[in-house]
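Multiple structures are listed underneath, in structure tokens.
Next, two complexes with subunit A in common: one pairs it with subunit B, the other with subunit C.
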Partner chain A sequence: MIIKKDFGYVPNDFESERASNSYLMSLIALMVGLPLPIVNLIATLIFYLGNRKSTYFVRWHCTQALLSQLTVLPLNSVGFWWTLSIVFDSTNVTNNYIGYIITIIAFNITEFIATIYTAINTRKGQHVEWWFFGDLAHLICKR
Partner chain B sequence: MEQQKVDMFLMSNGKYFESHQITYISDRLSQLDDSKFVLLQSVNLQNPTMILIVSLLGGSLGIDRFMIGDTGLGVGKLLTCGGFGIWAVVDWFLIMGATREKNFEKLSQVMV
Partner chain C sequence: MKKVLFQFAVLLGVLIFVWFILSRINYTEKVDFQKLSKSNEEKIGKIIYEFIKKKDKEIESDSLKSILIKIRDRICNNNQINCSEIKIHVLNNTQINAFALPDRHMVIYTGLIEYCKTPEELSGVIAHEIAHMENNHIMKRISRKIGFAILISMAGGDTSNEILKEIVNSITSTAFDRAEETEADSYAVRYLAKANIDPEHFANFLFRLSQEEHTLLDKLEWISTHPNTKDRTTEVLKLKNREDFEIKPIVDHEKWEAIKKNI
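After this line comes the complex of A and B, so read on.
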């Protein structure tokens, strides 16, 4: 799922710090923005835009962070609005709802741990690629 | 400019710039005329750590952006209450790098 790879060049200290910040910032924004699911995506997007003129290593990791947040958004949004409809409307709690909530909690915890792991390793200057998101980031981010 | 003066300037102001810019600044300063040294000392460089503290305390009012000279972004941040809190959080991570870049721009204007 998460693989350390050779990036082609060794990033500077400031590059690894900024790249690591892109992951850290998404975690902080997630905590600040709870329970709204879109806050961390907007925060990651602003961070990406702020670093769009930075070096390739920084841009690549900002893109990977943005893509990972983009995937979590639809899953969390459905869960969020489904919960609201149960709280404020006459919708009943079903087995489907409980199953869905357990799934997105598991998905979010996995994503949370992966983000922390990537932030730590990126700060050390190591290039960490996620399954699927890494390939997408390579396609989107040009040298 | 004498190497001693360049070293003195970098020792006292090196922390205001990105680490990868130091070599470039050192080379450029060595080529500068001695008469520019006074002008160099008068450049108003901002301390990135102080700006980070300002960002933590007054980021939602855009004070940090005003201080580093980004007036447009500062007004935008002020009017939107720090981008509804999101921009303020993002700037905690961006502002130190942005301050160092601004310092480098100010120094570059003197080094021309």
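After this line comes the complex of A and C, so read on.
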């Protein structure tokens, strides 16, 4: 699911730090922004826009970080509003709801671990590609 | 591109599959959520009532209690509502006010009883508060005001005077949600009609309050917290005309006046 690949060139220390920060940004924002799922996306988007003119390695990793946050956003938003409707609107707690919450918690934890792993390795100058998100980043981010 | 679309479909499929599998487990049977929230509501209701009782003394008059129970039972029995769960408390306070608390506690101030010309007028207010209970308006209102997390921590015993003041304020003084009030009024008319109590008395009560609003301003807690009394009077009368009922008195006028004198 997460593969270390050759990127074609060895990024310098500055590039590695910037690329690694794009993942850390989403992690910090995730912790600060809970339970509002939009906060981490906005933070990652700001970081992405700020690095649009950066080197390919930095842009590519900012794109991968942003894409991963984009996937989490709709999933968490549904969970967030579903929970609010239960708290304030007398909607019943159903097996579907609990199943959904467990699913998104598992997905978030998986992404959290993957993000930490990627941030550490990217800081070392290694190129880490995620399954699906990596291929999508290649389509969006051109040299 | 095809590869990415395929991967996206697989990712989505995995998520839906995991959700589907996890949803097959019967969590709601294993953990009784209704019971869980019920026990929380019980604790919260008790804490709030104890706090209110510190300020105003509870009136222990048998004749008054018996008539209030009679009204409660008549409304509840004719509307398939569990009577015994509703706990009515009369507190010595000159304010014209009544309100429902979590866990089906209903507080009625002596000021309101003294103001009601007939027991039927009081029945209207009681029916209105029962409607709030039946529609879970109280917990919703408190949650909106102080937040769900604080409610849960309260149920766990973590209460401060500031939070309690805020809750009591939200129940007794803060402006209510217009939609909830309209809903409670419409339920109240239905409850009264089914219990063969003329809802017109409730309309009369509202009308009288709206007329005397300026002279009674400092005592009109119940009315000042509820939106547009004149509109409500008209609405109650309109709803009343849709109902079919046969009027049966609660107690005669002399007895009601005697009870009021004894407070």
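Rule of thumb we're sticking to: the second predicted complex is superposed on the first by the 143 of 143 C-alpha atoms of A that agree within 3 Å, B and C clash if a C-alpha of one lies under 4 Å from a C-alpha of the other, contacts with A are read in each partner's own complex, and residues count from 1 in each chain.
The criterion applied here is as follows: contacts are C-beta pairs under 8 Å (C-beta built on N, C-alpha and C of every residue); 3 or more make two chains touch, one makes a residue touch a chain.
Quick caveat, the model's predicted, so the values are computed rather than measured.
After alignment on the shared subunit A, the placement of subunit B and subunit C results in a side-by-side fit free of clashes. Look at A:14: by the touch rule set out above, it reaches subunit B but stays clear of subunit C.
Contacts of A:95 after superposition on the shared chain: subunit C is touched, whereas subunit B is not.
By the touch criterion stated above, A:136 is placed in contact with subunit C alone, subunit B being left untouched. In the superposed model, A:3 lies in contact with neither subunit B nor subunit C. Of the two partner chains, subunit B is the only one that A:47 touches; subunit C does not reach it. Once chain A of one complex is fitted onto chain A of the other, the partner contacts of A:116 are absent, as it touches neither subunit B nor subunit C. The superposition-derived angle at subunit A (between subunit B and subunit C) is 110°, Cα centres, a multiple of 10. Of the two partner chains, neither subunit B nor subunit C is touched by A:105. After superposing the two complexes on chain A, the closest approach between C-alpha atoms of subunit B and subunit C comes to 22 Å.
Remark: subunit A residues 71, 75, 87-88, 90, 92-96, 98-100, 102-103, 106-107, 131-132, 135-136, 139 touch subunit C in the complex. Subunit C makes touch with subunit A in their complex at residues 1, 3-4, 7-8, 10-11, 15, 18-28, 33, 136, 140, 143-144, 148. Contact residues on subunit A toward subunit B in their complex (touch as defined above): 12-14, 18, 21-22, 24-25, 28-29, 32-33, 39, 42-43, 46-47, 50-51. By the touch criterion given at the top, residues 18-20, 83, 85-87, 89-90, 92-94, 97-98 of subunit B touch subunit A in their complex.
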